[in-house]
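Each of the next two complexes has chain A plus one more chain, namely chain B in the first and chain C in the second.
Let's look at the complex of A and B:
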């Protein structure tokens, strides 16, 4: 009898079947580990620090300024490295001569390319979100009021997939060592100089992702502080960028060999839909107009609720006449109060003097071409009005000011206006009124400012032609807070009896001046006081 | 290296033609200032793209003329880029003039050559393109203080500025020297460098 040993044949290992999603994730992980964008992140972050962060930090801590600065700067900073890295990754297979090798893999070419594009975009997004988080975090720490504006940040984020797709398509269809650098520079050229074609707020070119408002107006402290930030243009820009991204990614699958017939048909549909969305967004941008609050509104995307003023509790100083500012400008309060306090203590309680000074918003008006006129919402308060409206220089001038510049400007513009309101100084005023106004200004002015000479009879033009380079961040047309020619003092010329009387009156103690004004202001305003009667 | 020279010449010529066409248009002061710099950077990256080489140690040892060839090709292409761009600006309102073209193209090419030596020829464009963004911003700050006045951002300096010129020449000299002696940091036999 023979013993039979029964053995069972070893079963063949069953092929591992991974879920498709897991496979794609693994592919994405591989692409993330071998992506050029990871190496270019330091370049992008360095550029962001140099050109955007430093510039934003030099601006006052107002959310609207920081957010629009972020959009403008970050888009330019990331355009070059993202487009270049994507083009480099897109041309990888051709550069390494492995196109035939990878063609036989199980995955469709489109899926493989999309994984590489996604990895590039993810790295770029990580860098961008990190930069945005730092900038917004610091701003949140510094800002006295308000909250982050997310639409400008969203436009910047939407740019990254679009730049990545653009570079990737160029790299895939035109592989070569020259493609990446030339694509990067071309992207920068298009983005940076597309704004040259903007003419007015109704321009299709406002779709450019670096545009945050009327071009050449620049970041304005007065925008989106009294009224909500209008997202209309941002929505159109995001729509354009998303459409462009979809169209470009769809185009990747159009060549034969990218996938099956159904896939290519779907890709063609995607491309068409993307182009349609992008075209619609451009058309929408062309219908936009600048509203009175300095932002571009697009009728089809506009929410009427955005036209309602923001509710806030003003912050007020403890001066003789309280100065109340929008809480977003709370950082200016001490400077304003210190600058105006000596003047306010003399004017408080006098007939015609306000009981409260309140910061006012400004009105923006589109002029010819790209010019924009800015004027106070309440240009002239009546003498009997208990409230005087004040417009800060920052609301009408694009450039940020130092504290001393701000104080000096406020004194020489608004202070003069306030003195004229009380003394009745202005065109047609008596020499005594001129002298008293000059004396009050001299007594309180920064650096001994004295209105010594009658200004030109002609008011400066509200809008002036731009001189020199103008880019967003600068504004060439504005009317200052003190552009109130109707009430401008005639001043006193040096060496005249009026100047001597002004010097004499200014030399008196503040309490004496105030007491004299209490007694004689009515007569002074009526023109019944002569220079000799001034103490 | 030589395989890419015709394409590089083509790209440089395209840059010159593009600059000439662009100068025909109406630009505001910003566009007029930034435009030449963008084309200069494009020409410079075209020069730098030619430094890729598949040669390895044996060729380096055996071919004693190789460094001279590298030097000659780089110098010739840089000179061609400067010449063509300057010619493109002749008779037009080219901001900065020929001196600016000379300084900027040489300096940005130097940055690219140094990147090729440090990162490899494949990513040599990252330096020049990143520098372009920084330089454009430096130009912008000339009207929006605080200005970036370091001579290392030479495109923002006036054409006759000595500091900017020295920095640009220094960078170009270092780049040419390193690439001449060592070549780009490419892996021997890398098909991407061929």
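Let's look at the complex of A and C:
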């Protein structure tokens, strides 16, 4: 049947040039106004405050600790909500049954979907950058030295478009009201469990965006303080996330009706390129190895300049023997100086006593599986060396200490080491040497310490075999050199003649002890002094 | 001709929703009548480029919608109101119409005026800042009409546009249809024959996927023999044509 009516519609003049920029901005503005992520932003910020900000602020104001803590926490805080919000937005057309209405509009489907995705990502990015700015701002106010580490922040930022794209694609292709919550839950578990399969620093799973370095090492005060932050792994992670983003967004344009042939061909190319980039990044991550400074280096991405130590002017105490720390640890100086000052005043000027104590970096070495060995960089200071190298407990411990914990640990580890260096105490020492060492330690108010200890340079390095991944906050019982040695040291048992001699010597005024040591130290070190000869 | 259809067919599995329809139409209001399941909505969706035909040829506004470029050009000049249009409840009336103006690629400079005009034409000017979730069903229908006409389409396809409108609004809507028909091809699918009688210059009747009548409303009314059910001549004509087609 053919039906014919009247005339053809008169052709009206229509604009031929349609600059897309302004209209796309208006579309984006509309999407920003009605985006689910705007509603979820308080949730993400609340999560950030609860799980990242508070934890980060509990750590010492060292840029490396704060930055790695930021990456570790903020990725989950923002990636999970943005995945859910993006899935919700991606499924919007189907849920609201406007598919027919929007399908018959001139603008390509891809452009329409990208506007919605972009709005979701922008909201998440605004929240993330705001939180990062606050955290870094507070750190800048507190930190004594150094500057923001941008790579960990960049990895967190790169996560948002990637997870947003992931959620959006899920929402678009599997629309439904349960898609969003399921996508968010899946994102959480994928990220949280992605580290479970990490075995050592040469693991493809290090590509996970919450990995900032050797996974079992966790945030380390000694990393990226003496040597520059190594961005190799971060670069690979950003490359992976960017590739994933491009691939997912390209996939949005692959279905028929998303646009013209040229656009779909370009989208297919983008998807392929994105997958290639992401795959390459995973491969690169698998070639990484932990370097001596505790960071993962990737040969193909490595810049040799990063291996040069950072230049800094140490901050020194005004004690009898100056204690000099890396300026990043300036906040530790007064605690250190106060703790060591009584001891240093007795040892200053004695043969074998250093003229200067300098903070040293440590060396990290990947062991079998996930084990990491941490050892002093200069373990064997000679007795005649004018400089003694000090490794702060925080450089080897997994968790930051309070001031009193730090002071106590320094005295019982480094203090003992220093005393041993002067008195010659250690394995094979005479009872008099043991007693003098114990008395000196007693005199510096380490209550009840009557245990001498071998110098750390005679101790084996710390080995930390771990059965499984350990997360930040769960690794507080790692041993430093001193702690390990303590179990092997000799003691001055109570009730023995050596203990009595130590008590007697400790009871003398500091000036008397110092004067006696000046006169008799050589003989004491030679083992020619008996307990009875101690004052 | 703005619409040139030859042998248009659409099948859903074993069901043929539209069976070899031929239609050529130009400027004016064209009524599409038929019982439930007659194929009106399927025909309109194909004309709206929302769905591809299984067979036959379709030419809209001088272009073949089979390829992307011409289809995009058609869509720029098309207005469509589906039978069950969805809404974004959080959008205001203005935002919703503006959203479709942007999707229809209206030049940025024209959007503000075009949106205001479309809203005024459906008499929602006083509710332009209201969120859609606060509107009644009839108002939502008018918002749907506003988005359909915001780009001043040369081909306007309306599927049950008066459903949910009160009598006063229907009268106003018919006037709007007549006005739009002065400059464009308006195809209105409806069950309400009085709408066709009041607004359409041409009418077609579909049954079981086929077009069983095409002519003027007066010609349709004339087909009623007085014994067929219906309160008005055109309803009697509608019933008579259907009965004849099924006999």
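Heads up, the rule we're going with is that the second predicted complex is superposed on the first by the 481 of 535 C-alpha atoms of A that agree within 3 Å, B and C clash if a C-alpha of one lies under 4 Å from a C-alpha of the other, contacts with A are read in each partner's own complex, and residues count from 1 in each chain.
Basically, a residue touches a chain if its C-beta (ideal position, glycine included) is under 8 Å from a C-beta of that chain, and two chains touch if they have at least 3 such contacts.
What you see is a predicted model, and the numbers here were worked out from it, not measured in a lab.
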item	value
Contacts of A:494 with chain B and chain C, given as first, second, both or neither	neither
Partner chain in contact with A:27 - chain B first, chain C second, else both or neither	second
Which superposed partner A:377 touches (first chain B, second chain C, both, neither)	neither
First, second, both or neither for A:96, with chain B first and chain C second	both
First (chain B), second (chain C), both or neither touched by A:196	first
Partner chain(s) touched by A:177 [first = chain B, second = chain C, both, neither]	first
Intersection of the chain A residues that touch chain B with those that touch chain C	96-97
Touching residues (chain side chain B, partner chain A) in the complex	4, 7-8, 11, 27-31, 33-35, 38, 41-42, 45-46, 48-49, 52, 119, 121-123, 125-126, 128-130, 132-134, 136-137, 140, 143-144, 146, 191-192
Touching residues on chain A, where the partner in the complex is chain C	1-10, 12, 14-15, 18-19, 22-23, 26-27, 30, 33-34, 92-93, 96-108, 112, 259-261
Chain B partner contacts - residues on chain A that touch it in the complex	36, 39-40, 43, 46-47, 50-51, 58, 76-77, 80-81, 84, 88, 95-97, 176-178, 180-182, 184-186, 188-189, 192-193, 196, 399, 468-471, 473-474
Residue ranges of chain C in contact with chain A within the complex	1-2, 21-28, 30, 45, 48-50, 61, 68-69, 72-73, 75-78, 80, 82, 84-91, 95, 98-100, 102-108, 111, 147, 152, 154-155, 183-185, 201-202, 204, 210-212, 214
